[in-house]
Amino acid sequence: MIRIEQLNLAVDTFALSNISLHVKPQEYFVLLGPTGSGKTLLIECLCGLNPIDSGRICIDGVDVTPLEPRSRGIGYVPQDYALFPHKTVRNNIGFGLENRRAARTSIRREVDRLMGQLGVNHLAERFPQKLSGGEKQRVALARALVLEPRVLLLDEPVSALDEQTRDSLCRQLKQLQKSTHTTTVHVCHNFAEMLVVADRVGIVWQGRIVQVGTPQEVLQRPSSAQVARFVQAGNLLGARAAADGQWLRLACHGGVEFRAARQDVQTAAGEVVVMVRPENIQLASARPENPPPGTTVLEGSVREVVDLGSLVKLNVACGAAVELLVSLGKREYNSSRIAAGDHVSLAVAPEDVHVMQKP
Amino acid sequence: MIRIEQLNLAVDTFALSNISLHVKPQEYFVLLGPTGSGKTLLIECLCGLNPIDSGRICIDGVDVTPLEPRSRGIGYVPQDYALFPHKTVRNNIGFGLENRRAARTSIRREVDRLMGQLGVNHLAERFPQKLSGGEKQRVALARALVLEPRVLLLDEPVSALDEQTRDSLCRQLKQLQKSTHTTTVHVCHNFAEMLVVADRVGIVWQGRIVQVGTPQEVLQRPSSAQVARFVQAGNLLGARAAADGQWLRLACHGGVEFRAARQDVQTAAGEVVVMVRPENIQLASARPENPPPGTTVLEGSVREVVDLGSLVKLNVACGAAVELLVSLGKREYNSSRIAAGDHVSLAVAPEDVHVMQKP
Amino acid sequence: MNPSLFSEPRTTAPVTGLHGRLFAASMLAFVGLFVLGLLALFIADVSYINIQAVAEVLRAPEIRAALWLSAWTSAVTVAIGLLFAVPMGYALSRYRFPGHAVVDSIVDLPIILPPLVVGLSLLVFFQTDVGRWIEATGMKFVFQCKGIVLCQVLVSASFGIRAVKLTFDGIDPRIEHVAMTLGCTRAGAFFRVALPMARRGIIVGGILIWTRAFGIFGPLMVFVGAVRFRTEVLPTTIYLEQSVGRIEVALAVAILMLVLAAVALVAVRIVGLGQR
Amino acid sequence: MNPSLFSEPRTTAPVTGLHGRLFAASMLAFVGLFVLGLLALFIADVSYINIQAVAEVLRAPEIRAALWLSAWTSAVTVAIGLLFAVPMGYALSRYRFPGHAVVDSIVDLPIILPPLVVGLSLLVFFQTDVGRWIEATGMKFVFQCKGIVLCQVLVSASFGIRAVKLTFDGIDPRIEHVAMTLGCTRAGAFFRVALPMARRGIIVGGILIWTRAFGIFGPLMVFVGAVRFRTEVLPTTIYLEQSVGRIEVALAVAILMLVLAAVALVAVRIVGLGQR
């Protein structure tokens, strides 16, 4: 649906470098990256607001690179929504149809339909200043959807909202996309937000796309230590890798050693970064008997327990200078009867040890 | 250590109403509330920056109400840190001692010690504009600690930082407090942040303190539906309560019914709000045999599964129009073999059903 | 004076304690002194005035002519000034080009330049070959009414440009971007979105141009002279009347201008505040 | 002109497509026209100048006297203006009191008021009982050098007050609050923190006061007259010389003032930019 080929754009000291990306029809695609990584710039290129230095952008099979924003068939919801402050909600939403010189009655009908769909009928005659953040967001969505765009581009659509409503509005976005079948590109910097909405995700880092995949792929198999840090992998350790039969032995700085399945790993040996997600560490008060082959078993003592309600996070000190973060479901934690200060045993399956190149 | 009695203060259209609060010595106390609830105003009253209309503030047994900020024995870290931009890090930190006309050598020694403790030695000659958010925070902390205050007041100390570093800086704050034994009041609007640092927490809502307790008390037993919504209770349902032997029967709008232990509840009957935390709902593919007495057992079908890495959230449709949010640890979810569309059984123990007055 | 319309301090300082009170009192004393000084001046004006003389004087044909000339030249100046201010304010706010900072400074120059220098420069310009050629084509400026407008535009347009630029600086370009994705061309987005949003700022710019144009005196003396019934505007009247000792007449005109300036100031405040 | 030092647009608009190019070109055309017009004026000045005449003229004792008088009166004005501007700018920025908006507007009035009106008001004031009494105590202003300073302060101080207020508006009061928790009194926080932080804004305010004071002409004509060697400042020289037809001399002085204004503008830009 959207195909970006070898896009390059330099702006002042920042550059989008060699970006290629394919977003499938009816997909909910998330561009995830930290502030200043170039996500907004990339969205503006898709909109046609920034002339690109080289490369091609195709939407629905048409090369839109030379086209103006109004001819690209896109709906755009920028950061902070950018509603027209001098127009009522009704006129904000109807703006696109007015530009098409549609008949008054058909504009009215279409705007009413959209306001109904997004639940903002009661706001029709209000001005944007009088709306709450969530209401503004829905009006901006309706305004972008009125021309039935082939592609919907959302730039940080929930960042301006408070934390309590963000989650539910994200789920509404996802439902809206499912019902309208509009291919959607959603820019965000929040990892949890991405997990709620994304079919697939592209990680943006310093003007490049460093990984594309499903949320679970990015979560479990980040392509680099930067990505891992950004998706809050929890435990990242520098290590020296060495082959050991069917396993890869990973001697971490600090005195602990992990084993990973060798076929999963591109690197044979050398300096690497090891990632173990906190939920993939199995905690027990006693050393497991007969662990499955390849399982890494470590001993440690619990330093700190943080109860986050649904989730409990534990800091476990292992070896000389290694602290591992372990997370458990609340119910699981309650049944484990582990408390701060306890001596525990940790087990990690070889397939849960993810090895990355040293950056 | 800090005792606020019947504090009242009206500013324009907003007012702090009848605030009484007691912070114990060496306690890490968090003031939690949404934006605009009056937390910052309250901190400024503690600092002596706002004259209060009525009431009393005592710090360490001394009535400080009439005292100027400089005589209150407080260390203050405001939002965005407010470092002195025209002074180097060293001179920022030494500012308090200079005001006391301390000897040059003793200032130098003390500032060096603090910079060492907070790990900012290498920044001594830099100016604040050149620092990262985390560095600014530590310099502001050192500046506030230099006069060895009896009380440390932190206004949103990590809100300006990006999400990746917030968690670790919160833990550093907590460790710093443990090592310096300074009574600390920390203002924040983020619920998860509070759980990491707080010994006790006060919930601020529209200029009032609506609940004070440990993090787990607030989490499991919010005093009102507003508090419950703010701490992301997950499932909040309007219901009609009626006594039923040793249990309270709670008929929820939407056709499901819960049972709660009667002695836990102040209300005998009438309209109430029921809270069930997502981690307290036990999920099974078949109806449990012989559940413990009082257990609520519901049937439903899984609408949506969101995998958040360490945590999995499920939306389960029960009865006519009720959707319940259920959360499981990743490991627990994997072993349960439940997927979207499945028919499931939900069990809730009576002590996990929390009943609140209708607001 | 413009900026106060656009920014307000983040929080204000409450006054606490004896030290705080003394400090606030000493700072506010300067405010009181300055404001009282200004008020004393205006009260002196009002107390000195002779209503009968004023009424008589305002019926004098030469003063009526000056009032009329001031009114229409300043109106034309506002029109021409805004014709430049709107596109220039927009261009300077939205576009970055090589030499942007230099152009921006040159645009500010007439604000900071002594007005008399502008008048003299105009006089000199029309003695150069280019100037002579322009006058030879029939567009006469020196010692003409057209010259008044030219002079006023040069010394006042920059105030309008600055106000309009500030207004566009405050309008998020993303609003225009959205309009462009909704079927507008670049120009369409400007006329349908940016311009209506900037209307208050443009009005403020117009008022600022007007106040400056209306009050100009020095450059007119140099460039068009002070000929009764011909190039006499209200400030010229004040000068001419007081120089022959008829201070009541000069004062009557001055008070009229004072009132108009106060009205303009209040208008700027009200229009500007609504802009926030 | 001041505000441009403190705000910049959030993003600038890149130029894309044919429509976009045509639109940008037409907007920028106005910028070009205006800037070229101004430049033509100054080029005409420079081309008309006669170096030899200038050098001769600048050695004339009456012009030297005028230069000297301009220099010291404007310097004194800057000192007095800042003495008011710093506490007033701080008070208007930090404190809210009943009538704040009214006081704020009155402070702006001299910016918007025709300067000639200020001159006439002063003249009138010193004919009232209070004014006479002041002059009787030996503080003579009318047709005196002291009158030049008084006139300059009244028409220029508001520019400084406005600039300083804006600067303090941009300084987070929390920084002073922290200083107060670290052992400073209210006044101590002002002198040790707020004032050093505002130094660039205060310099900008001083330059703005100076440019206005230096270029003032109309009110001086009315209040202190144009007496050679006594109350003749540089703008007066321009007027006197051109009125007797010695345009080269007037022009030489004008160019000197033009250069000084340009230097002031550049200084304001550089100092102001550093402030961000």
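Chains: A, B, C and D, in written order; residue numbering restarts at 1 for each.
Just so it is clear, contacts are C-beta pairs under 8 Å (C-beta built on N, C-alpha and C of every residue); 3 or more make two chains touch, one makes a residue touch a chain.
Remember, predicted model here, so these are calculated numbers, not experimental data.
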item	value
Fewest touching-chain hops separating chain A from chain D	1
Best-connected chain pair, where connection means C-beta pairs in contact	C-D
Whole-Å gap separating chain C and chain D, where each centre is the average of the chain's CA atoms	15
Inter-centroid spacing, chain B versus chain A (mean Cα positions, whole Å)	26
For chain B paired with chain D, centre-to-centre distance based on mean C-alpha positions, whole Å	53
Touching two or more other chains - residues of chain B	48-49, 68
Multi-chain contact sites of chain D, meaning residues that touch two or more partners	15, 17, 19-20, 172, 174, 185
Interfacial residue positions of chain C with respect to chain B in the complex	14-17, 19-20
Chain C to chain A touching residues, read off their complex	172, 174-175, 177-185, 188, 193, 196-197
Chain C partner contacts - residues on chain B that touch it in the complex	48-51, 66, 68
Complex interface listing, chain A residues touching chain C	44, 47-49, 68-70, 72, 74-76, 78-80, 82-86, 95-96, 99-100, 143-144, 146-147
Chain C-facing residues of chain D, complex	1-4, 6-13, 15, 17, 19-20, 22-24, 26-31, 33-35, 37-42, 44-45, 47-48, 83-84, 87-88, 90-97, 101, 103-118, 120-125, 127-128, 130-131, 154, 157-158, 161-162, 165-166, 168-170, 172-174, 176, 185-187, 190, 208, 211, 214-218, 221-222, 235, 238-239, 242, 247, 250-251, 254, 257-258, 261-262, 264-266, 268-269
